[in-house]
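Following are the structures in question.
The following pair of complexes shares a single chain, subunit A, combined with subunit B in the former and subunit C in the latter.
== the complex of A and B ==
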(Lines of atoms letter the chains of each structure in order from A and count residues from 1; the text may use other names and numbers.)
(Lines give C-alpha, C1' and ligand atoms only; values in the text may rest on other atoms or scores of the structure.)
Protein backbone atom coordinates (compact mmCIF):
# COMPACT_ATOMS: atom_id res chain seq x y z
CA UNK A 1 0.00 0.00 0.00
CA UNK A 2 1.22 3.52 -0.76
CA UNK A 3 0.88 6.57 1.49
CA UNK A 4 -1.59 8.00 -1.01
CA UNK A 5 -3.88 4.99 -0.67
CA UNK A 6 -3.57 5.21 3.12
CA UNK A 7 -4.64 8.86 3.03
CA UNK A 8 -7.79 7.90 1.14
CA UNK A 9 -8.63 4.82 3.23
CA UNK A 10 -8.19 6.52 6.63
CA UNK A 11 -9.34 9.95 5.38
CA UNK A 12 -6.21 11.72 6.54
CA UNK A 13 -5.25 15.34 6.03
CA UNK A 14 -2.04 16.01 4.08
CA UNK A 15 -0.06 18.90 5.60
CA UNK A 16 3.09 18.66 3.49
CA UNK A 17 5.81 16.49 2.01
CA UNK A 18 3.55 15.52 -0.93
CA UNK A 19 6.57 14.27 -2.91
CA UNK A 20 6.52 11.19 -0.67
CA UNK A 21 2.88 10.23 -1.22
CA UNK A 22 3.95 7.36 -3.47
CA UNK A 23 6.12 5.85 -0.69
CA UNK A 24 5.37 2.19 -0.04
CA UNK A 25 4.21 1.30 3.51
CA UNK A 26 5.57 -1.75 5.31
CA UNK A 27 3.96 -1.23 8.73
CA UNK A 28 3.37 1.23 11.54
CA UNK A 29 5.05 2.46 14.71
CA UNK A 30 3.40 4.49 17.49
CA UNK A 31 5.62 6.44 19.87
CA UNK A 32 6.21 9.97 21.18
CA UNK A 33 9.81 9.46 22.25
CA UNK A 34 12.07 10.32 19.34
CA UNK A 35 14.97 8.37 20.83
CA UNK A 36 12.73 5.28 20.91
CA UNK A 37 11.77 5.70 17.25
CA UNK A 38 15.43 6.13 16.33
CA UNK A 39 16.18 2.87 18.07
CA UNK A 40 13.25 0.74 17.02
CA UNK A 41 11.36 1.90 13.92
CA UNK A 42 12.30 0.31 10.55
CA UNK A 43 12.23 1.79 7.08
CA UNK A 44 8.85 2.03 5.36
CA UNK A 45 6.89 2.35 8.61
CA UNK A 46 4.23 4.99 9.19
CA UNK A 47 4.96 6.83 12.45
CA UNK A 48 2.00 7.87 14.62
CA UNK A 49 2.86 10.61 17.13
CA UNK A 50 1.79 13.80 18.90
CA UNK A 51 5.22 15.43 18.62
CA UNK A 52 5.30 18.42 16.27
CA UNK A 53 8.98 19.34 16.57
CA UNK A 54 11.03 19.49 13.38
CA UNK A 55 13.31 16.75 14.75
CA UNK A 56 10.44 14.35 13.93
CA UNK A 57 11.35 14.79 10.26
CA UNK A 58 15.04 14.39 11.05
CA UNK A 59 14.36 11.03 12.67
CA UNK A 60 11.85 10.01 9.97
CA UNK A 61 14.42 10.76 7.29
CA UNK A 62 17.21 8.94 9.12
CA UNK A 63 15.04 5.84 9.53
CA UNK A 64 13.57 6.17 6.00
CA UNK A 65 10.01 6.12 7.29
CA UNK A 66 7.14 6.28 4.78
CA UNK A 67 5.09 9.03 6.51
CA UNK A 68 4.20 10.67 9.82
CA UNK A 69 0.64 10.88 11.18
CA UNK A 70 -0.09 13.63 13.72
CA UNK A 71 -2.97 12.73 16.02
CA UNK A 72 -5.75 14.69 17.78
CA UNK A 73 -5.89 17.50 15.18
CA UNK A 74 -2.39 18.66 16.10
CA UNK A 75 -0.86 21.06 13.59
CA UNK A 76 2.76 20.77 12.48
CA UNK A 77 5.09 23.58 13.53
CA UNK A 78 6.21 25.75 10.60
CA UNK A 79 9.79 24.50 10.64
CA UNK A 80 8.44 20.93 10.77
CA UNK A 81 6.49 21.63 7.56
CA UNK A 82 9.57 23.12 5.88
CA UNK A 83 11.56 20.07 6.87
CA UNK A 84 8.86 17.79 5.42
CA UNK A 85 9.07 19.56 2.06
CA UNK A 86 12.87 19.24 2.09
CA UNK A 87 12.90 15.57 3.10
CA UNK A 88 9.92 14.60 0.94
CA UNK A 89 8.25 12.75 3.79
CA UNK A 90 4.49 13.33 4.06
CA UNK A 91 3.04 14.74 7.28
CA UNK A 92 -0.53 13.55 7.65
CA UNK A 93 -3.17 14.45 10.22
CA UNK A 94 -6.16 12.90 11.96
CA UNK A 95 -8.60 14.00 14.66
CA UNK A 96 -8.36 10.59 16.29
CA UNK A 97 -6.21 9.61 19.26
CA UNK A 98 -3.16 7.38 18.87
CA UNK A 99 -5.03 4.27 20.05
CA UNK A 100 -7.81 4.53 17.46
CA UNK A 101 -5.68 5.47 14.47
CA UNK A 102 -3.11 2.80 15.33
CA UNK A 103 -5.92 0.22 15.42
CA UNK A 104 -7.29 1.37 12.08
CA UNK A 105 -3.84 1.26 10.47
CA UNK A 106 -3.21 -2.18 11.91
CA UNK A 107 -6.47 -3.57 10.55
CA UNK A 108 -5.86 -2.00 7.15
CA UNK A 109 -2.36 -3.44 6.80
CA UNK A 110 -3.44 -6.86 8.11
CA UNK A 111 -5.82 -7.38 5.17
CA UNK B 1 41.13 34.53 38.25
CA UNK B 2 39.29 32.89 41.12
CA UNK B 3 37.70 29.48 41.44
CA UNK B 4 34.09 29.34 42.65
CA UNK B 5 32.36 26.12 43.65
CA UNK B 6 28.88 26.04 42.06
CA UNK B 7 25.83 23.78 42.26
CA UNK B 8 23.35 25.23 39.79
CA UNK B 9 20.41 22.83 40.04
CA UNK B 10 18.65 22.85 43.41
CA UNK B 11 14.93 22.27 43.99
CA UNK B 12 13.02 23.71 46.95
CA UNK B 13 9.92 22.62 48.84
CA UNK B 14 7.96 24.33 46.04
CA UNK B 15 8.73 21.48 43.63
CA UNK B 16 6.23 18.66 44.30
CA UNK B 17 9.13 16.21 44.40
CA UNK B 18 11.22 18.53 46.59
CA UNK B 19 11.57 17.45 50.22
CA UNK B 20 9.52 19.37 52.80
CA UNK B 21 12.81 20.22 54.51
CA UNK B 22 14.04 22.13 51.43
CA UNK B 23 13.17 25.56 52.83
CA UNK B 24 15.09 28.63 51.67
CA UNK B 25 16.94 28.83 54.99
CA UNK B 26 17.93 25.14 55.01
CA UNK B 27 19.18 25.36 51.43
CA UNK B 28 21.42 28.32 52.29
CA UNK B 29 22.68 26.63 55.48
CA UNK B 30 23.56 23.46 53.54
CA UNK B 31 25.21 25.44 50.76
CA UNK B 32 27.42 27.15 53.34
CA UNK B 33 28.22 23.84 55.04
CA UNK B 34 29.26 22.35 51.69
CA UNK B 35 31.43 25.34 50.85
CA UNK B 36 29.40 26.38 47.80
CA UNK B 37 30.11 29.86 46.44
CA UNK B 38 27.27 29.84 43.90
CA UNK B 39 23.87 28.12 43.94
CA UNK B 40 21.20 27.91 41.25
CA UNK B 41 17.54 27.73 42.32
CA UNK B 42 15.54 25.72 39.81
CA UNK B 43 12.08 24.55 40.79
CA UNK B 44 9.91 22.81 38.24
CA UNK B 45 8.08 25.49 36.23
CA UNK B 46 8.28 28.12 38.97
CA UNK B 47 10.62 30.90 40.06
CA UNK B 48 8.70 31.84 43.20
CA UNK B 49 11.40 30.97 45.76
CA UNK B 50 14.29 32.61 43.94
CA UNK B 51 14.08 36.14 45.33
CA UNK B 52 13.83 35.06 48.97
CA UNK B 53 16.71 32.60 48.63
CA UNK B 54 18.83 35.22 46.87
CA UNK B 55 18.20 37.65 49.74
CA UNK B 56 19.06 35.10 52.44
CA UNK B 57 22.01 33.57 50.56
CA UNK B 58 23.73 36.79 49.58
CA UNK B 59 23.69 38.01 53.20
CA UNK B 60 25.74 34.88 53.89
CA UNK B 61 28.02 35.43 50.91
CA UNK B 62 26.52 32.77 48.61
CA UNK B 63 25.83 34.08 45.09
CA UNK B 64 22.45 32.93 43.76
CA UNK B 65 21.42 32.33 40.16
CA UNK B 66 17.65 32.72 39.89
CA UNK B 67 15.72 30.56 37.48
CA UNK B 68 13.62 27.46 36.93
CA UNK B 69 13.69 23.97 35.47
CA UNK B 70 11.21 24.34 32.65
CA UNK B 71 9.33 21.41 31.09
CA UNK B 72 8.74 22.09 27.39
CA UNK B 73 5.88 20.77 25.25
CA UNK B 74 8.12 17.88 24.18
CA UNK B 75 8.72 17.14 27.90
CA UNK B 76 12.35 18.23 27.73
CA UNK B 77 13.67 19.65 31.01
CA UNK B 78 15.73 22.82 30.58
CA UNK B 79 17.34 25.15 33.10
CA UNK B 80 16.76 28.87 32.61
CA UNK B 81 18.49 31.62 34.60
CA UNK B 82 17.91 35.36 34.80
CA UNK B 83 19.95 38.25 36.09
CA UNK B 84 17.37 40.51 37.75
CA UNK B 85 13.92 40.51 39.34
CA UNK B 86 12.21 42.16 36.35
CA UNK B 87 13.38 39.47 33.95
CA UNK B 88 12.48 36.80 36.50
CA UNK B 89 8.97 38.22 36.94
CA UNK B 90 8.49 38.39 33.20
CA UNK B 91 9.49 34.74 32.88
CA UNK B 92 7.18 33.75 35.76
CA UNK B 93 4.26 35.35 33.88
CA UNK B 94 5.28 33.46 30.74
CA UNK B 95 5.25 30.15 32.66
CA UNK B 96 1.84 30.90 34.16
CA UNK B 97 0.45 31.74 30.71
CA UNK B 98 1.46 28.37 29.28
CA UNK B 99 1.21 25.97 32.24
CA UNK B 100 -1.77 23.62 31.68
CA UNK B 101 -4.48 24.11 34.34
CA UNK B 102 -4.16 20.59 35.75
CA UNK B 103 -4.59 20.63 39.51
CA UNK B 104 -1.91 19.14 41.74
CA UNK B 105 -2.93 15.97 43.60
CA UNK B 106 -1.02 16.44 46.84
CA UNK B 107 -1.32 12.76 47.84
CA UNK B 108 0.23 11.60 44.58
CA UNK B 109 2.76 14.32 43.79
CA UNK B 110 3.43 16.14 47.06
CA UNK B 111 3.04 19.68 48.34
CA UNK B 112 3.90 22.72 46.21
CA UNK B 113 4.44 25.25 48.98
CA UNK B 114 5.79 28.79 48.80
CA UNK B 115 7.18 29.73 52.21
CA UNK B 116 8.54 32.88 53.84
CA UNK B 117 11.80 33.45 55.71
CA UNK B 118 10.26 31.92 58.87
CA UNK B 119 9.36 28.77 56.91
CA UNK B 120 5.64 29.56 57.19
CA UNK B 121 3.58 28.57 54.14
CA UNK B 122 2.28 31.65 52.36
CA UNK B 123 0.91 30.03 49.21
CA UNK B 124 0.10 26.57 47.86
CA UNK B 125 0.59 26.35 44.10
CA UNK B 126 -2.69 25.05 42.68
CA UNK B 127 -1.62 23.67 39.32
CA UNK B 128 0.77 20.74 38.94
CA UNK B 129 4.21 22.15 38.23
CA UNK B 130 5.43 18.94 36.58
CA UNK B 131 3.24 19.42 33.48
CA UNK B 132 4.80 20.43 30.18
CA UNK B 133 4.25 24.06 29.17
CA UNK B 134 2.31 24.52 25.96
CA UNK B 135 5.50 25.88 24.36
CA UNK B 136 8.06 24.13 22.21
CA UNK B 137 11.71 23.94 23.26
CA UNK B 138 12.51 26.51 20.55
CA UNK B 139 9.87 28.91 21.89
CA UNK B 140 11.18 28.54 25.45
CA UNK B 141 14.78 29.10 24.30
CA UNK B 142 13.73 32.25 22.41
CA UNK B 143 11.82 33.59 25.43
CA UNK B 144 14.78 32.98 27.75
CA UNK B 145 17.16 34.77 25.41
CA UNK B 146 14.74 37.65 24.81
CA UNK B 147 15.13 38.24 28.58
CA UNK B 148 18.94 38.01 28.31
CA UNK B 149 18.84 34.72 30.22
CA UNK B 150 20.86 31.51 30.11
CA UNK B 151 19.37 28.38 28.51
CA UNK B 152 20.78 25.00 29.57
CA UNK B 153 19.17 21.64 28.60
CA UNK B 154 19.11 19.56 31.81
CA UNK B 155 20.56 16.11 32.57
CA UNK B 156 21.24 15.29 28.92
CA UNK B 157 22.70 11.91 29.91
CA UNK B 158 19.38 10.67 31.28
CA UNK B 159 16.92 8.35 29.45
CA UNK B 160 13.88 10.41 30.45
CA UNK B 161 12.90 14.10 30.20
CA UNK B 162 16.17 14.95 28.46
CA UNK B 163 16.66 16.66 25.12
CA UNK B 164 18.18 13.49 23.68
CA UNK B 165 15.48 11.12 24.94
CA UNK B 166 12.60 13.34 23.81
CA UNK B 167 14.00 14.71 20.55
CA UNK B 168 16.33 11.89 19.47
CA UNK B 169 19.16 14.29 18.77
CA UNK B 170 19.93 17.89 19.66
CA UNK B 171 18.56 20.35 17.08
CA UNK B 172 21.48 21.93 15.24
CA UNK B 173 20.08 25.45 15.30
CA UNK B 174 19.02 25.63 18.95
CA UNK B 175 20.79 28.48 20.79
CA UNK B 176 22.23 26.64 23.79
CA UNK B 177 24.45 28.30 26.43
CA UNK B 178 25.61 25.05 28.06
CA UNK B 179 24.54 21.47 28.74
CA UNK B 180 23.94 19.92 32.14
CA UNK B 181 24.95 16.40 33.05
CA UNK B 182 23.48 14.67 36.10
CA UNK B 183 25.39 14.09 39.35
CA UNK B 184 26.78 10.70 38.39
CA UNK B 185 26.40 10.98 34.61
CA UNK B 186 29.33 9.92 32.46
CA UNK B 187 30.51 12.49 29.97
CA UNK B 188 32.80 10.43 27.71
CA UNK B 189 30.05 9.43 25.26
CA UNK B 190 28.27 12.79 25.39
CA UNK B 191 30.53 14.37 22.78
CA UNK B 192 28.71 12.28 20.18
CA UNK B 193 25.29 13.13 21.61
CA UNK B 194 25.91 16.87 21.52
CA UNK B 195 27.41 16.60 18.05
CA UNK B 196 27.59 20.04 16.41
CA UNK B 197 27.35 21.61 19.86
CA UNK B 198 30.46 19.78 21.04
CA UNK B 199 32.34 22.98 21.86
CA UNK B 200 29.65 24.00 24.35
CA UNK B 201 30.32 23.92 28.06
CA UNK B 202 29.07 20.99 30.13
CA UNK B 203 28.17 21.61 33.77
CA UNK B 204 27.57 19.03 36.49
CA UNK B 205 24.99 19.66 39.22
CA UNK B 206 23.37 17.79 42.09
CA UNK B 207 19.70 18.24 41.00
CA UNK B 208 19.12 18.21 44.76
CA UNK B 209 15.65 17.38 46.03
CA UNK B 210 16.84 16.66 49.61
CA UNK B 211 19.13 18.79 51.84
CA UNK B 212 21.88 16.16 51.93
CA UNK B 213 22.14 16.18 48.12
CA UNK B 214 23.08 19.87 47.93
CA UNK B 215 26.66 20.24 46.71
CA UNK B 216 27.07 16.47 46.26
CA UNK B 217 27.85 17.29 42.64
CA UNK B 218 29.22 20.64 41.53
CA UNK B 219 31.59 22.34 39.13
CA UNK B 220 34.15 25.10 39.51
CA UNK B 221 33.72 28.42 37.75
CA UNK B 222 37.03 30.07 36.95
CA UNK B 223 36.37 33.81 36.64
CA UNK B 224 37.08 37.25 38.12
CA UNK B 225 34.01 37.87 40.27
CA UNK B 226 30.65 36.33 40.95
CA UNK B 227 28.26 38.15 38.59
CA UNK B 228 25.73 36.97 36.05
CA UNK B 229 27.88 38.26 33.18
CA UNK B 230 31.02 36.56 34.54
CA UNK B 231 29.08 33.29 34.75
CA UNK B 232 27.90 33.76 31.16
CA UNK B 233 31.50 34.34 30.07
CA UNK B 234 32.68 31.24 31.96
CA UNK B 235 30.00 29.11 30.25
CA UNK B 236 31.10 30.50 26.89
CA UNK B 237 34.79 30.06 27.82
CA UNK B 238 35.45 33.70 26.97
CA UNK B 239 38.28 36.01 28.14
CA UNK B 240 40.11 33.30 30.05
CA UNK B 241 37.03 32.25 32.02
CA UNK B 242 35.98 28.62 32.05
CA UNK B 243 34.16 25.87 33.95
CA UNK B 244 35.88 22.78 35.35
CA UNK B 245 33.86 19.63 36.00
CA UNK B 246 34.29 17.94 39.36
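== the complex of A and C ==
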Protein backbone atom coordinates (compact mmCIF):
# COMPACT_ATOMS: atom_id res chain seq x y z
CA UNK A 1 0.00 0.00 0.00
CA UNK A 2 1.23 3.50 -0.79
CA UNK A 3 0.99 6.52 1.52
CA UNK A 4 -1.50 8.04 -0.92
CA UNK A 5 -3.82 5.04 -0.58
CA UNK A 6 -3.46 5.25 3.20
CA UNK A 7 -4.45 8.92 3.15
CA UNK A 8 -7.64 8.04 1.27
CA UNK A 9 -8.54 4.97 3.33
CA UNK A 10 -8.03 6.63 6.74
CA UNK A 11 -9.12 10.09 5.56
CA UNK A 12 -5.92 11.78 6.71
CA UNK A 13 -4.89 15.37 6.23
CA UNK A 14 -1.70 15.98 4.20
CA UNK A 15 0.37 18.82 5.72
CA UNK A 16 3.43 18.50 3.49
CA UNK A 17 6.09 16.28 1.94
CA UNK A 18 3.75 15.41 -0.94
CA UNK A 19 6.67 14.11 -3.04
CA UNK A 20 6.66 11.03 -0.79
CA UNK A 21 2.99 10.14 -1.25
CA UNK A 22 3.99 7.27 -3.54
CA UNK A 23 6.21 5.73 -0.78
CA UNK A 24 5.39 2.09 -0.13
CA UNK A 25 4.27 1.23 3.42
CA UNK A 26 5.63 -1.87 5.15
CA UNK A 27 4.07 -1.34 8.58
CA UNK A 28 3.62 1.11 11.40
CA UNK A 29 5.30 2.21 14.62
CA UNK A 30 3.68 4.23 17.38
CA UNK A 31 5.95 6.12 19.79
CA UNK A 32 6.72 9.58 21.12
CA UNK A 33 10.30 8.77 22.06
CA UNK A 34 12.75 9.54 19.28
CA UNK A 35 15.41 7.08 20.39
CA UNK A 36 12.78 4.33 20.54
CA UNK A 37 11.94 4.96 16.89
CA UNK A 38 15.64 5.31 16.06
CA UNK A 39 16.38 1.95 17.64
CA UNK A 40 13.33 -0.05 16.63
CA UNK A 41 11.42 1.25 13.59
CA UNK A 42 12.38 -0.20 10.21
CA UNK A 43 12.37 1.53 6.85
CA UNK A 44 8.97 1.88 5.17
CA UNK A 45 7.08 2.18 8.47
CA UNK A 46 4.50 4.86 9.17
CA UNK A 47 5.34 6.66 12.42
CA UNK A 48 2.39 7.67 14.60
CA UNK A 49 3.29 10.37 17.16
CA UNK A 50 2.34 13.54 19.01
CA UNK A 51 5.76 15.14 18.47
CA UNK A 52 5.54 18.07 16.06
CA UNK A 53 9.14 19.35 15.81
CA UNK A 54 11.81 19.17 13.15
CA UNK A 55 13.82 16.37 14.76
CA UNK A 56 10.95 13.97 13.99
CA UNK A 57 11.70 14.46 10.31
CA UNK A 58 15.42 14.04 10.99
CA UNK A 59 14.77 10.62 12.51
CA UNK A 60 12.17 9.71 9.85
CA UNK A 61 14.65 10.55 7.11
CA UNK A 62 17.60 8.69 8.67
CA UNK A 63 15.38 5.63 9.18
CA UNK A 64 13.79 6.00 5.71
CA UNK A 65 10.27 5.88 7.12
CA UNK A 66 7.34 6.11 4.69
CA UNK A 67 5.38 8.87 6.48
CA UNK A 68 4.57 10.49 9.82
CA UNK A 69 1.02 10.74 11.22
CA UNK A 70 0.36 13.45 13.82
CA UNK A 71 -2.49 12.58 16.16
CA UNK A 72 -5.28 14.56 17.90
CA UNK A 73 -5.36 17.42 15.35
CA UNK A 74 -1.81 18.50 16.22
CA UNK A 75 -0.16 20.81 13.70
CA UNK A 76 3.46 20.46 12.56
CA UNK A 77 5.90 23.25 13.51
CA UNK A 78 7.01 25.37 10.55
CA UNK A 79 10.52 23.98 10.50
CA UNK A 80 9.11 20.44 10.62
CA UNK A 81 7.03 21.28 7.56
CA UNK A 82 10.02 22.77 5.71
CA UNK A 83 12.06 19.68 6.50
CA UNK A 84 9.26 17.45 5.19
CA UNK A 85 9.31 19.30 1.88
CA UNK A 86 13.09 18.91 1.67
CA UNK A 87 13.14 15.24 2.60
CA UNK A 88 10.01 14.26 0.68
CA UNK A 89 8.51 12.50 3.68
CA UNK A 90 4.75 13.15 4.04
CA UNK A 91 3.42 14.58 7.30
CA UNK A 92 -0.16 13.47 7.75
CA UNK A 93 -2.75 14.38 10.34
CA UNK A 94 -5.73 12.86 12.10
CA UNK A 95 -8.14 13.98 14.81
CA UNK A 96 -7.95 10.55 16.41
CA UNK A 97 -5.78 9.47 19.33
CA UNK A 98 -2.74 7.21 18.88
CA UNK A 99 -4.58 4.08 20.05
CA UNK A 100 -7.38 4.45 17.53
CA UNK A 101 -5.34 5.43 14.49
CA UNK A 102 -2.80 2.69 15.25
CA UNK A 103 -5.65 0.15 15.35
CA UNK A 104 -7.04 1.38 12.06
CA UNK A 105 -3.64 1.25 10.38
CA UNK A 106 -3.03 -2.22 11.78
CA UNK A 107 -6.34 -3.52 10.45
CA UNK A 108 -5.77 -1.94 7.07
CA UNK A 109 -2.30 -3.46 6.64
CA UNK A 110 -3.44 -6.86 7.93
CA UNK A 111 -5.87 -7.28 5.02
CA UNK B 1 38.76 9.29 4.03
CA UNK B 2 37.97 11.58 6.92
CA UNK B 3 34.99 13.83 7.56
CA UNK B 4 34.67 16.27 10.43
CA UNK B 5 31.53 17.96 11.73
CA UNK B 6 31.14 20.58 14.44
CA UNK B 7 28.25 20.04 16.84
CA UNK B 8 26.69 22.99 18.66
CA UNK B 9 25.52 22.60 22.24
CA UNK B 10 21.77 22.95 22.68
CA UNK B 11 20.97 23.55 19.00
CA UNK B 12 18.34 20.93 18.27
CA UNK B 13 17.46 22.42 14.88
CA UNK B 14 20.83 21.14 13.66
CA UNK B 15 20.83 17.85 15.59
CA UNK B 16 21.10 15.06 13.05
CA UNK B 17 22.75 17.12 10.30
CA UNK B 18 26.11 15.38 10.69
CA UNK B 19 24.42 11.95 10.65
CA UNK B 20 22.42 12.90 7.58
CA UNK B 21 25.52 14.16 5.78
CA UNK B 22 27.64 11.12 6.67
CA UNK B 23 24.81 8.79 5.62
CA UNK B 24 24.93 10.34 2.14
CA UNK B 25 28.70 9.78 2.02
CA UNK B 26 28.27 6.10 2.97
CA UNK B 27 25.58 5.66 0.31
CA UNK B 28 27.85 7.17 -2.32
CA UNK B 29 30.57 4.75 -1.23
CA UNK B 30 28.11 1.87 -1.78
CA UNK B 31 28.34 0.62 1.79
CA UNK B 32 25.84 -2.20 2.51
CA UNK B 33 22.49 -0.51 3.39
CA UNK B 34 22.03 -2.74 6.47
CA UNK B 35 25.41 -1.60 7.80
CA UNK B 36 24.62 2.04 6.98
CA UNK B 37 21.49 1.74 9.13
CA UNK B 38 23.53 0.58 12.13
CA UNK B 39 26.15 3.30 11.68
CA UNK B 40 23.46 5.97 11.38
CA UNK B 41 21.66 4.89 14.57
CA UNK B 42 24.84 5.01 16.66
CA UNK B 43 26.10 8.22 15.11
CA UNK B 44 22.75 10.00 15.52
CA UNK B 45 22.49 9.05 19.18
CA UNK B 46 26.03 10.29 19.78
CA UNK B 47 25.33 13.51 17.94
CA UNK B 48 22.16 14.17 19.95
CA UNK B 49 24.08 13.45 23.16
CA UNK B 50 26.58 16.21 22.33
CA UNK B 51 23.70 18.63 21.58
CA UNK B 52 21.69 17.70 24.67
CA UNK B 53 24.37 17.17 27.31
CA UNK B 54 27.66 18.80 26.38
CA UNK B 55 29.20 22.26 25.96
CA UNK B 56 29.66 21.43 22.28
CA UNK B 57 32.05 19.30 20.32
CA UNK B 58 32.86 17.60 17.09
CA UNK B 59 32.45 14.34 15.25
CA UNK B 60 35.27 12.82 13.24
CA UNK B 61 34.26 10.01 10.89
CA UNK B 62 36.80 7.88 9.09
CA UNK B 63 36.00 5.32 6.44
CA UNK B 64 38.32 2.69 5.03
CA UNK B 65 37.46 -0.51 3.15
CA UNK B 66 37.37 -2.50 6.39
CA UNK B 67 35.58 -0.30 8.88
CA UNK B 68 33.96 2.97 9.84
CA UNK B 69 35.63 4.61 12.79
CA UNK B 70 33.76 7.47 14.49
CA UNK B 71 34.97 9.67 17.33
CA UNK B 72 32.58 12.01 19.12
CA UNK B 73 34.58 14.48 21.18
CA UNK B 74 33.07 17.13 23.44
CA UNK B 75 34.49 19.79 25.72
CA UNK B 76 32.60 18.84 28.87
CA UNK B 77 31.13 18.59 31.42
CA UNK B 78 32.04 14.87 31.41
CA UNK B 79 30.12 11.83 32.67
CA UNK B 80 30.58 11.12 36.41
CA UNK B 81 29.38 7.50 36.23
CA UNK B 82 29.63 5.84 32.81
CA UNK B 83 28.23 2.53 34.06
CA UNK B 84 25.08 4.27 35.24
CA UNK B 85 24.81 6.25 31.99
CA UNK B 86 24.89 2.99 30.03
CA UNK B 87 21.84 1.65 31.89
CA UNK B 88 18.69 1.61 29.77
CA UNK B 89 16.24 4.19 31.10
CA UNK B 90 18.82 6.24 32.99
CA UNK B 91 19.03 9.85 31.83
CA UNK B 92 20.14 13.24 33.12
CA UNK B 93 18.31 15.14 30.35
CA UNK B 94 16.45 18.35 31.16
CA UNK B 95 12.62 18.46 31.18
CA UNK B 96 12.70 20.50 27.93
CA UNK B 97 14.77 17.84 26.18
CA UNK B 98 12.48 15.10 27.50
CA UNK B 99 9.39 16.90 26.22
CA UNK B 100 10.85 16.66 22.73
CA UNK B 101 10.97 12.90 23.06
CA UNK B 102 14.68 12.70 23.79
CA UNK B 103 16.30 11.80 27.09
CA UNK B 104 14.55 8.50 27.68
CA UNK B 105 17.80 6.74 28.52
CA UNK B 106 17.81 4.81 25.25
CA UNK B 107 20.63 6.58 23.42
CA UNK B 108 23.71 4.81 24.76
CA UNK B 109 22.00 1.36 24.71
CA UNK B 110 21.06 2.03 21.05
CA UNK B 111 24.67 2.88 20.31
CA UNK B 112 25.89 -0.28 22.01
CA UNK B 113 23.40 -2.44 20.09
CA UNK B 114 24.43 -1.05 16.72
CA UNK B 115 28.19 -0.61 17.02
CA UNK B 116 30.69 -3.47 16.81
CA UNK B 117 32.87 -1.63 19.31
CA UNK B 118 31.81 1.21 21.61
CA UNK B 119 34.33 2.89 23.89
CA UNK B 120 33.57 5.78 26.20
CA UNK B 121 36.25 7.78 27.94
CA UNK B 122 35.17 10.63 30.14
CA UNK B 123 36.65 12.97 32.69
CA UNK B 124 34.50 15.32 34.73
CA UNK B 125 35.54 18.89 34.05
CA UNK B 126 37.31 17.96 30.82
CA UNK B 127 34.97 16.17 28.47
CA UNK B 128 33.91 12.93 26.86
CA UNK B 129 35.23 10.98 23.91
CA UNK B 130 33.03 8.28 22.45
CA UNK B 131 34.48 5.88 19.91
CA UNK B 132 32.27 3.83 17.62
CA UNK B 133 33.62 1.20 15.28
CA UNK B 134 31.47 -0.65 12.76
CA UNK B 135 33.08 -3.30 10.59
CA UNK B 136 32.18 -3.19 6.92
CA UNK B 137 32.71 -6.90 6.16
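Here, the second predicted complex is superposed on the first by the 111 of 111 C-alpha atoms of A that agree within 3 Å, B and C clash if a C-alpha of one lies under 4 Å from a C-alpha of the other, contacts with A are read in each partner's own complex, and residues count from 1 in each chain.
Rule of thumb we're sticking to: a residue touches a chain if its C-beta (ideal position, glycine included) is under 8 Å from a C-beta of that chain, and two chains touch if they have at least 3 such contacts.
What you are looking at is a predicted structure, and each value in this text was computed from that prediction instead of being measured.
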item	value
Combined model on subunit A where subunit B meets subunit C, clash or fit	clash
Touched partner set for A:107, first subunit B, second subunit C, both or neither	neither
First, second, both or neither for A:35, with subunit B first and subunit C second	both
Touched partner set for A:54, first subunit B, second subunit C, both or neither	both
First (subunit B), second (subunit C), both or neither touched by A:77	first
Comparing the two partners subunit B and subunit C, which touches a greater set of residues in subunit A	C
Shared subunit A surface residues [contacts with subunit B and with subunit C]	33-35, 38, 51, 53-55, 58-59, 79
Subunit B residues within the subunit A interface of the complex	73-74, 136-138, 159, 164-169, 171
Of subunit A, residues touching subunit B in the complex	33-35, 37-38, 51-55, 58-59, 77, 79
Subunit C - residues contacting subunit A, complex	12-13, 15-16, 19-20, 23, 37, 40-41, 44-45, 48, 100-102, 104, 106-107, 109-110, 113-114
Sites on subunit A touched by subunit C in the complex	32-36, 38-39, 43, 49, 51, 53-56, 58-59, 61-63, 79
